[in-house]
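Going by the order they are written in, the chains are A, B, C and D; count residues from 1 in each one.
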Amino acid sequence: MGAPIIEVDRVSRVYHRARRSLTRPAPVVQALREVSLTVEAGERLGIVGESGSGKSTLLRHIAGLEQPTSGTIRFDGKDISGLSGRRLGFLRDRLQLVFQDPMGSLDPRMTVAQIVAEPLHARRVRDAAARVEEVLAAVGLPAEAAGRYPHQFSGGQRQRISIARALTVSPDVLLADEPVSALDVSVRAQVLNLISTLVDARDLTLVFVSHDLSVIRHLCDRVVVMRAGQIVEDGPTEQVWRDPQHDYTRRLIAAIPAMPADTHRSEI
Amino acid sequence: MTSLLRRSGLGRLNASLVLGGTLVTLVALAALVSIVWTPYPPMRVLSGVGNFDPPSGSHWFGIGFRRDIFSQVIAGAQTTLLVGVVAVGLAALVGVPLGLVAAMGPRWLSELVMRTSDLVLAFPALLLAIMLAAIYGQGRVVAMVAIGIASIPTFARVTRSGSLAVLASDFVLAARAAGRGPLGIAVRHVLPNIAGLLIVQASVAFALAILAEAALAYLGLGTPPDTPSWGRMLLEATPVLHRAPHLAIFPGLAIAISVLGFNLLGDGLRDRLDPKLLERS
Amino acid sequence: MTTDQPGRPALQVRDLSVTTRSGTHLLSDLTFAIADGERVGLIGESGSGKSLTALAVMGLLSESLTATGGIRVSGHERNLIGEREGALSRLRGTTMAMVFQEPMTALNPTMRVGQQVAEVLTIHRRARGAQARERAVALLDQVGLPEPAETAHAFPHQLSGGQRQRVVIAMALANDPALLVCDEPTTALDVTVQDKVLGLIVDGVEARDAALLFITHDLAVVSRVCERVLVMYGGRIVESGPVGQVFAAPRHHYTAGLVAASALTGPRGGLSAIPGTVPSAGRFPTGCVFRTRCAAATSECEIQPRWDAAGAQGWACHHPIGAS
Amino acid sequence: MLWRLLTRTGVLLVSLAVASVAVFATMNILPGDPAEVALGVNATEGAKAALRTEFGLDRPLPVQYADWMGGMLTFDPGISYVSKAAIGPQVLDRLLVTLWLVGAAMALAILVAVPMGTWMAVRHRHPDGVALAAVSQVGVAVPAFLVGVLFIAVFAVRLRWLPSGGWVAPADDPVEFVRHLVLPATALALVQAAVLSRYVRSAVLDVLREDYLRTARAKGLTPVGAMVRHGLRNAAIPVVTVLGLQLATLLVGAVVVEQVFTLPGLGTLLLGAVGQRDLLMVQTVVMLLVAAVLIINWLVDLVYVVLDPRLRVAR
């Protein structure tokens, strides 16, 4: 633990929709409202929320993929909120992403080697072959996977490819946007184990977005709960789980159906 | 045949692809062969034949106005393919970059491109050709340019909608996160993923170009009289149709076969080339 | 069992198999029954064949698939497999009804929702005109939609996902079916909405003493909704029994793996997972369908295991857990 | 709803203005000297100057444009350089013929294409559906003028059932009017029907895959009932868009078919004007056809709103 690595300061984001009525002005969507959040180096932070809560939007802002309407985002002390794609090179070296849809996030026309090497190629690093082999091994894929195409893999394996791509530049921070939501239950545990192991082994800071609080409870030390573009609760995961303060968090936890083997709820 | 066709998806798409490919190859072969060899010089008035002799062993498609119809038909394939290639090439060369700009550029530029293409859509190829012909007189160049310009909007639209589908995908987001710039994304991700879509579009546009060229030639606005052309053959055949139907049948068949070929090829390719992405767009 | 006595179950499926034209088995020898008022869950991962089972029961399989075996519902004499389309149409929406996974696309976008609900009454001549419209509003009220009279005039795109799923449920329950089939009805919904929709389904079938076939991949949802569970893998039922019993003491290794993987209670990085991945349809091994991913598999498993039972719990495994 | 009407109408008006400038510019700037085009390269300088003065071609272009546009709006776009007769009345006479032809062809095409396309889609796995699809594929490949030529050969020349060309106004003799309209309208319609039926087929196929159609079946509707009550209206939405675009090709097709059947419509007028290098006439007729296409697309856009409630209002 230590110094803050990501600082989100009163960030708002407004999307404008196309105008549809003569009498009413063009509708606006407040995707983020004055969100403030600090992530410390080495932390495992979970962001939980339902659809439309702004959790994925927040993640994309942190990754420098979208620009806030107001507020600032700093990475390791450097303001990234005004920077264009070209000047975000330093961020790309240190922060990488894993996406939800294991098929949609891999270009179907590229081989696994090309996909995994893309962060290096974009840096104009020519010889990436050795690095590709190394990260494929790290995520538990055989070396011959490099020459194949995404559609030749199962959902879980594709998510491993996606994780491998995030690791090629040896980032400090890993952002994950619902990486296990599209996976079967039996495969979900494999991918969660992999993420957990890699985060430990490589001293990564993890920001993990999910709609499923029980996944975050397993993986993260701290959780923020989002609703309608705002953070409504922020605290250590176990504490939030056992003693939610905000009314919405309480309802969220109460709505989670209990697993038959889930002994925890019966303790309360 | 039906049992093969009935086996739903795969059987049918292969049939389209194979049949379309065969027909297109046939037309291309006719054009190529006719460059080096035709039974008779296509446009030469022959001696020792009647005006409208029916098909025979020495004149396979018969005689029309004392010229050999078979020679004219295979030489006419040259005109058809030339007009098609130039028109589709022009449309793709202009339309694809415009579509890309419309998909990736700022909103006002996108609006400008799309509104303009809407407007050009209101000028069908034939109308453009008629306007140009009124000024410059008839000619193959006028036909090619008119058909080409009229096909630009569809290429721009197909490129734009295909690109938008690709750009909305997570793998483009992943590429941005990996540090790729807009140009890298366009070249590395968008173009390879819409290539199939564009090939299909080119095939369909080719079929439309053949139809437009034939119509122009029939109206006397396309290919000049000294060059073999299917549309013009039909024009010349019309007044004598009741006496010599073979004058119209063979060029008519040639047009139908080549249009059918390119349409089937497009259909077959559509099913073959990455149906998933096509569905998304 | 074949006589039409009052105690006959609402749904009876016997040796149901579904094959493609090329002969691939998608479902193999499914046999199960659901009594009136009983709520049965059908769980499995993607590709296990659970949605296909629902469609087969409803007689809505695609033309390219062939079903064999027996499907019988109470109140209809004949086997639904091989039954004429007209007879099946009369059963759908009355004796048996279905709720689908995707509420966003399950409703006709160009028809007002009240009309869509009323239609299920008018098709089966349960009501006409103004009376049907009134009943539709009442049904929308029953499923907890606010201002039902106004909502009836809305188009689907004006409603949220949860609201649309309520409309679908209202349609399904309109003619008091004896059997309700739900295919992942809450998978596309948020957790807080899911909770309410599940409550609605349970209340709806309880009030009508209807049988429920509830399909899901989520073990926790099954525990919330159902009394009995069928576990599917590779187009076969590998285990069945009362929910508590099956999840607390599974006998089949697949069920055990599924329960362990769902729990998320192990140490970080040490969750128990089922090795490998679910094969695609038609790629499952012969014999026991799970043997390629099963730690306990032996050469014996190359033969299709027999169905064993102890009390209400049954399984198909050569080496059931807790046997030795 | 009102907002959409206003924005679309705005787009239409701007499009019409831009299109008219484009047509005017093409016909007046590209040729260099319209007088030379009209009189030929060998015309004397004096004759050209006389023509320029007579038709005001020596005025600045914006003035000429304003004059022409003003004339278009009052149905009096000017005097033909060649025949020296007023263009307005000629165009109006001819317009009526073209409208009859296009209208009849469109109606016929829709009547054939909608059931045929639906059948092709619903039976797409059966031999009859596949065969019908093959027929439509061939139909698309045959140009309308070829069908016209064959029709004349068979029905007019050989069988002598119907006239091979010409025109009788409906007021003069309704029976002869129909007899003269049948062949050209059918020739134009058949190809159009083939094209349209393929769009109907793919629209219906798309709808067949929709979840709500399965919902309709689960409610107890038969496959046909589900298609009629829930499918067709949704399938109509993409088909209506295509109809607008198809009308543009139909207008152009009419130009050619009028030539085949020597009908006194806009097409023959236009082609005659091209042959005589009558630039103002060409310019006027082209603009009229383009305006027709734009207005049709505007109408289609409005029909859309009626069909698709998602476009009506946001909540």
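Assume a contact is a pair of C-beta atoms (placed from the backbone, for glycine too) under 8 Å apart; a residue touches a chain by one contact, two chains touch by 3 or more.
The structure presented is a predicted model; accordingly, all values stated were derived computationally and were not measured.
Shared contact partners of subunit A and subunit D comprise B, C.
Hopping across touching chains, the smallest step count from subunit A to subunit C is 1.
The pair with more inter-chain C-beta contacts, choosing from B-D and C-D, is B-D. One simple way to say how far apart two chains are is to compare their mean CA positions; for subunit B and subunit D this gives 21 Å. Centroids of subunit B and subunit C (each the mean of its C-alpha atoms) stand 51 Å apart. The distance from the centre of subunit A to the centre of subunit B, with each centre set as the mean of the Cα atoms, comes to 48 Å. Those residues of subunit C in touch with two or more other chains are numbered 64. Counting partner chains per residue, subunit B shows two or more touched chains at residues 8. Among the residues of subunit D, those touching two or more other chains are numbered 125.
Residue ranges of subunit A in contact with subunit B, taken from their complex: 60, 63, 65, 85-86, 88-89, 92, 96-97, 99-101, 104-110, 118-119, 122-123, 162, 165. Subunit A contributes residues 50-51, 154-157, 184-190, 192-193, 196-197, 200, 211-215, 217-219, 251-252, 254-264 to its touches with subunit C in the complex.
Listing the residues of subunit B that touch subunit D in their complex gives 2, 5-6, 8, 12, 115, 118-119, 121-127, 130-135, 207, 211, 214-215, 218-219, 221, 234, 237-238, 241-242, 245, 248, 252, 255-257, 259-260, 263-264, 267. Listing the residues of subunit D that touch subunit B in their complex gives 11, 15, 18-19, 22-23, 26-27, 30-31, 37, 125-127, 130, 137-138, 140-143, 145-146, 149-150, 152-153, 157-158, 245, 248-249, 251-252, 255-256, 259-260, 270-271, 273-274, 277, 279, 282, 286, 289-290, 293-294, 297.
Listed in rising order, the residues of subunit D touching subunit C in the complex are 125, 210-212, 214-223, 225, 229-230, 233-234, 237, 307-310, 315.
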